[in-house]
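Heads up, the next two complexes both have subunit A, just with different partners, subunit B and then subunit C.
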Partner chain A sequence: MSSTASIATNFIAPSQRGSVIRFVTSYTLPLLVAAVFAVAATSTPDFATFANIRAILINTSIVGIIAVAMTAITISGNFFSLGIASSTVLAGIVFLAVSGLTGSALAGLGAAVVLSVALGILQGLIVGAGLNPVITTLAVGSVTYGLVAITTKGAVVTAGSVDVAWLATWNLLEIPLPVYIFVLFTAVAWFLTEHTLIGRNTHLLGANRATARNSGISPQATTIWAFIAFGVGLGVAGALNASQLHQMQANDLAGLTMDVIAAVLVGGAAVSGGEGSPTRSALGALLIVALGNIMLLHGLDNGWRVFLVGGIVVVLVVALHVLRKVSTR
Partner chain B sequence: MNATREFFPKYALQIVVLVLVVGIMATVSPSFRGEAALFSSLERLIPLGVIAAGLAVTMIAGEFDLSVASMAAFAGAIAVQLGGLGLIASILIATVVGVLLGSLQGWVIARLGISSLVFTVGTLILLRGATWLATGGVPVTLTDYKLSDALTVRIWVFTPLSLTTIAVLAVLGIFLSRTRWGREVSSIGGARQEAVASGVKLRSRLVLAFAISGGCGALAGALSSFRGGSATPDGLANMLLLALAAVLIGGVSLSGGRGDMVNVAFGIAITAVLAAGMSSIGVKAFVTELFTGVLLLVVILLEFVIARVVAHKAVVRRRQPHLAVT
Partner chain C sequence: MKFPSSRAWRKIAVGFLAAGLVTSAAACSTGSSAAPGAPAASQGKGTGTTDGGGALLKVFMPSTSNVYLAAASQSIKDEAKALNYTVNIVENNWDQTEQDQQVQEWLATGERAAAVLMWPAGAAAATNSIRLLSAQAPVIQFNNLVTPEASKYVTAYAGVSDTGIGKEAGANALAAVKKLKAEGVKFHGPDGKPNVVEIRFTAGYAAGDDREKAFAEATPGAFNMLAVEPTPTVDAQGGFKAASQVIPRFLGQGIDIVYAHSNDVANGVVQALEQNGLKPGKDVILITGTSSGDMSNLRGGKIWSATLQSPVIEGALVVRTAAQYIATGQVQSGDVTIESSAAKPELKVEAPHAATYMMNPQVTAENNASFDIWGLSFDKLMGK
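Moving on to the complex of A and B:
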């Protein structure tokens, strides 16, 4: 790496050095998901039924939408958010309350997204100024939780007599709307990340902050855009979740934050930034939800699920780190 | 960062915040005064104080141990399950398990050079799963609930629990500032490359830092679940926020290198008084969490602004002799 020549070849033909890591990050996860589904289908009697696969897809849509949205933050080099659960609960409660007041679930959805985006912009401003994103999101998350708990007095919020369930139950070919929204959301996120200026700026900022700044990319603006994407995801996911459950309270969704972070990490996003893909995060979410489903069918409790998810995260994170090190040597 | 010390007396911000918090709490709550207030604040030290102390050691070494709250919950579950072996034995075993797991964690991080933030978020989930398995998914209680009586004996405003915390803080404080290994742990946080260049063994000091945070987390978890006589699979989860808040409010730098156990002790005192004062006026736990979050945001914003101002002044100062020459 010392001579200019080797840097130049590196720059022109990264295929040699980067091929291993690229192969692993692009193909391991789809293969792993396929393997898990194949093994489960043969070994678990009730797994490969239509109803069960549908249930997996419905559960994946909530975790998946947030994981896809959070990938923008991770790619931009701002690690992850530790305030996911409380922000999603906030979006869900706003959705139910506004739907109940206006009589329209769409108005509720709009309000939830607008509020989540506003919260995202606020955090983007703080983080973009240079403050630690993990601490900021943890603090904002706890403030959000506190405010929600105080406003609702810890009680269950519903939309009253207004029908909000159609958002979660309307279906086409027996597959309900949230699954389509999840697929659409992932497609839009993929397009924005891979094929637009803002997506490339996000990648560059995460890969090398100093160089990105020197090339005229504003770290502040890019970070705020990433947090706006995150806010949209939280708003949509919160509203869909609330419409599935018909109700919500401040203490709900305790395990969500960890599931989403696990999905993004399993999806192979480099937490140091610059690498990651919304589609892989979506697959990561699918893998985590499917594993939980399989363990449930085998009669294993939540502990085994959490333990296994943690184990997979640790192993994959270490494996990817080692591979990156080897391939950039 | 040394410039900060030149401009502001070392602990000025923390002292002001502590006095403010004590003052406000004593004004708002008539019952939160004198000995009673001191006792209820000191009782907040377990598990908060010991967890924060452990977390602070890794942060001073320039790393993060996000798994510390899960470690506490796991060790709490182990300690309660081993309750039959006696109080001291089960606490010791749980703490040793914490130290070993922490060392292992530190060894992997040091050996692979992986970001500790990423690795420990994985172990945060893994240890939480282990806690579920260790408790069997349900709250477990001590079979001999008199076992914990020895921990709640009151000696003036102290109990063995608060005395343990104070001892841990004192030992870690002396270790970090007065021993060679401790100073090396601090040095890899402030100027890692310079420290390594001058002969500090980076890997073994990282292992040491994570062993301390694992051990502190485990000790806090074991003591806390003995006091309550039970351990729950999802317990102590909010301790990560509270401990991080305590450490950062105390003035330990997020980027490592700045801060010592005196900072941490101030941070713990502020959050403990806040929590104890709030609960004395009958405020629910989530309101306390709200205020802790706000305080955390305010402190990191303040620190950020101060660092910016100091950096700006330093630049201005450096320019002036240069301008005078030309």
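Moving on to the complex of A and C:
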């Protein structure tokens, strides 16, 4: 462990200029989110109301959980999963079906997580063996969608008379459970990524696969761990989504994959791997939702909102990429 | 931790990818076997009978991974069988490019069909495929209204009327307001008008445009429209996403009515209302369009009303329209909306109208259990 830590330290040791830029890279997003919230609170009517902030947090929670969960995949140099939507739908449907059969939403949640983790391990094994992660996750997404469509025949799946809504509606201080789960999930992911051996291995694998391998790090084991974390997030998010609406069908969540990828990119994760943070991915998800909300409150049409949020995402991603390049020169 | 060699995993992965392709193909392709088609009825020369004599109806439509399309597809097969037609359905994954390829591949086979039943994946981009098909057989379009560009290639339209659904939703909203006013309910808008938020289908989706316009025209000046918010996707998740952002904005002003373009979308709106401390069905009246998705919120009184859009009727209607055209070789000008009747109307040998629309009766918690149209209950009409 000590040798790995030492390699990690040497590997990412920045120059003086680099450390300044790295500081900026790390703290740009939190500062930006804080600034956006501060400016909006003073300039946007109804922004700083409790109901509106709660709406932003609720809307962030499910995308945020998956973005946080996927960050390990991106950091490990395996790009993204392109099968997010169908895997989340599968988790939601399993949650509803098992909840309906057992009468327990917790049993449904457990089943959704177990299945998603199994799917994650399967993808981790394939990607860890050296297959292209984009093609693999796309294929898994396709298989999953096909199976869900065939099994459900496109019908709406519910949990029948079993109450699953409490998972999404139970609240503390009028903030519903999914928001707390999002915060807790982010904290655990942050700890695992930043303060454990597997987290350091994930960073090293993404930064330089050959060096990581020479240092005794197993690309396969590390990739599998990254996909397991992803599976846990998908299972939880799928169950929360299904409990929120008490229903799920094969064609749901069409835009989810792009929302999650955007959040991870805005969070500053390097597409090529080695750089990224679950907390920043969570903030990325929060920023995207907040920007859309502010524009909505200013009465901008949907087209303008999509255009401007997309534009801001592009600018942020480019800026973070340039900063990262400069810091490594 | 030991792992098998990369080569072995590659083999497994290749097998897995192949399975993916097969599964996807299975999910996107159904249909009975093709049969030799009969010559298409030419303009003015009908066969004189609605009996198809085993002739082929070729159907192009999006994937039956959606319950509505699965029910419509089954209804097409059932009606075709009843009229002695053979049916062959080619599905696409909601992709006009894919449908264009399927059309060209089918034309290249030289197979003959008595008529082509076309649900364009994207009507605005389907004109060329419709043009090519029309040179081979009469094209009966369904579900997506005919665009002006495609109109000269489409023989007739049969199916849903988004305008009709918007109009019915408007009438339902007015009736709800009248009832509540009689009960002494005060609304929040200026001059006592109800404040309305509309959660419409995705921006640029023609069905959403028609429903929005028809609702406005059916309720002139009756409401104080606070916002028209498009959903990112036309499902419950999309409804929740749109409503959960827009509702807090107008909490202070008071929301009296939410008009959602479908019951499925409204299921998401219900959740958003409840998370903002509002009781749908009591504090806020939810009027919806298409009676799609889970109906428990409607049956539980949280959704005031929906508008019937039956895939079973739509599927039958398009086959019956094709059979009438093949029988007569003629099309009547103008459009007609079929009446709700307990018994399925007998199919007469008469020219179909240029556009035949489905009926759009109101669906409520009170009446959905007693629905009887064409001898079918509400659940049967929705293909459940």
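Note that the second predicted complex is superposed on the first by the 303 of 329 C-alpha atoms of A that agree within 3 Å, B and C clash if a C-alpha of one lies under 4 Å from a C-alpha of the other, contacts with A are read in each partner's own complex, and residues count from 1 in each chain.
Basically, a residue touches a chain if its C-beta (ideal position, glycine included) is under 8 Å from a C-beta of that chain, and two chains touch if they have at least 3 such contacts.
The structure displayed is predicted, hence computed values, not measured ones.
J.: Answer with clash or fit: subunit B and subunit C placed together on subunit A by superposition.
T.: Here subunit B and subunit C cannot both sit on subunit A without a clash.
J.: Taking the superposition as given, does A:L245 touch the first partner, subunit B, the second, subunit C, both, or neither?
T.: second
J.: Go through the superposed model and pick first if A:G303 touches only subunit B, second if only subunit C, both, or neither.
T.: Touch partners of A:G303: subunit B and subunit C.
J.: Would you sort A:L106 into first (subunit B), second (subunit C), both or neither based on which partner it touches?
T.: It touches nothing on subunit B or subunit C.
J.: According to the stated criteria, A:V143 is in contact with first (subunit B), second (subunit C), both, or neither; which is it?
T.: both
J.: Between subunit B and subunit C, whom does A:A319 touch in the aligned arrangement: first, second, both, or neither?
T.: In the superposed model, A:A319 contacts neither subunit B nor subunit C.
J.: Once chain A of both complexes is superposed, is A:A118 in touch with subunit B (first), subunit C (second), both, or neither?
T.: neither
J.: Is A:A48 contacted by the first partner subunit B, the second partner subunit C, both or neither?
T.: neither
J.: By the touch definition at the top of the document, which applies to A:A38: first (subunit B), second (subunit C), both, or neither?
T.: Touch status of A:A38: no partner.
J.: Looking at A:G311, would you say it contacts subunit B, subunit C, both, or neither? Reply first, second, both or neither.
T.: Touch status of A:G311: first partner only.
J.: Among 58-66, 202-210 or 274-282, indicate the stretch of subunit B whose C-alpha atoms run into subunit C.
T.: With the two structures superposed, the offending stretch of subunit B is 274-282.
J.: Once the two structures are superposed, pull the subunit A residues common to the subunit B and subunit C interfaces.
T.: Common interface on subunit A, subunit B vs subunit C: 126, 129-131, 135-136, 139-140, 142-143, 145-147, 149-150, 154, 250, 254, 302-303.
J.: Along subunit A, where are the residues that touch subunit B in the complex?
T.: Residues of subunit A touching subunit B: 79-80, 126, 129-132, 134-136, 138-143, 145-147, 149-150, 154, 250, 254, 258, 261-262, 265, 271-272, 301-311, 313-314, 317-318, 321-322, 325.
J.: In the complex of these two chains, what residues of subunit B are touching subunit A?
T.: Touching subunit A from subunit B are residues 64, 108, 112-115, 117-119, 121-133, 135-137, 233-234, 237-238, 240-241, 244-245, 248, 254, 284, 286-287, 289-294, 296-297, 300-301, 304.
J.: In their shared complex, at which residues does subunit C touch subunit A?
T.: 1, 3, 6, 8-10, 12-13, 16-17, 19-21, 23-24, 26-27, 63-70, 203, 229-230, 232-233, 235-237, 240-241, 244-249, 251-252, 264, 267-268, 271, 274-277, 293-294, 296, 384
J.: With touch defined as at the start, can you tell me which subunit A residues reach subunit C in the complex?
T.: 46, 49, 51-52, 54-55, 58-59, 122, 125-126, 128-131, 135-136, 139-140, 142-143, 145-147, 149-150, 153-156, 158, 168-169, 176, 218, 220-221, 241, 244-247, 249-255, 292-293, 296-297, 302-303
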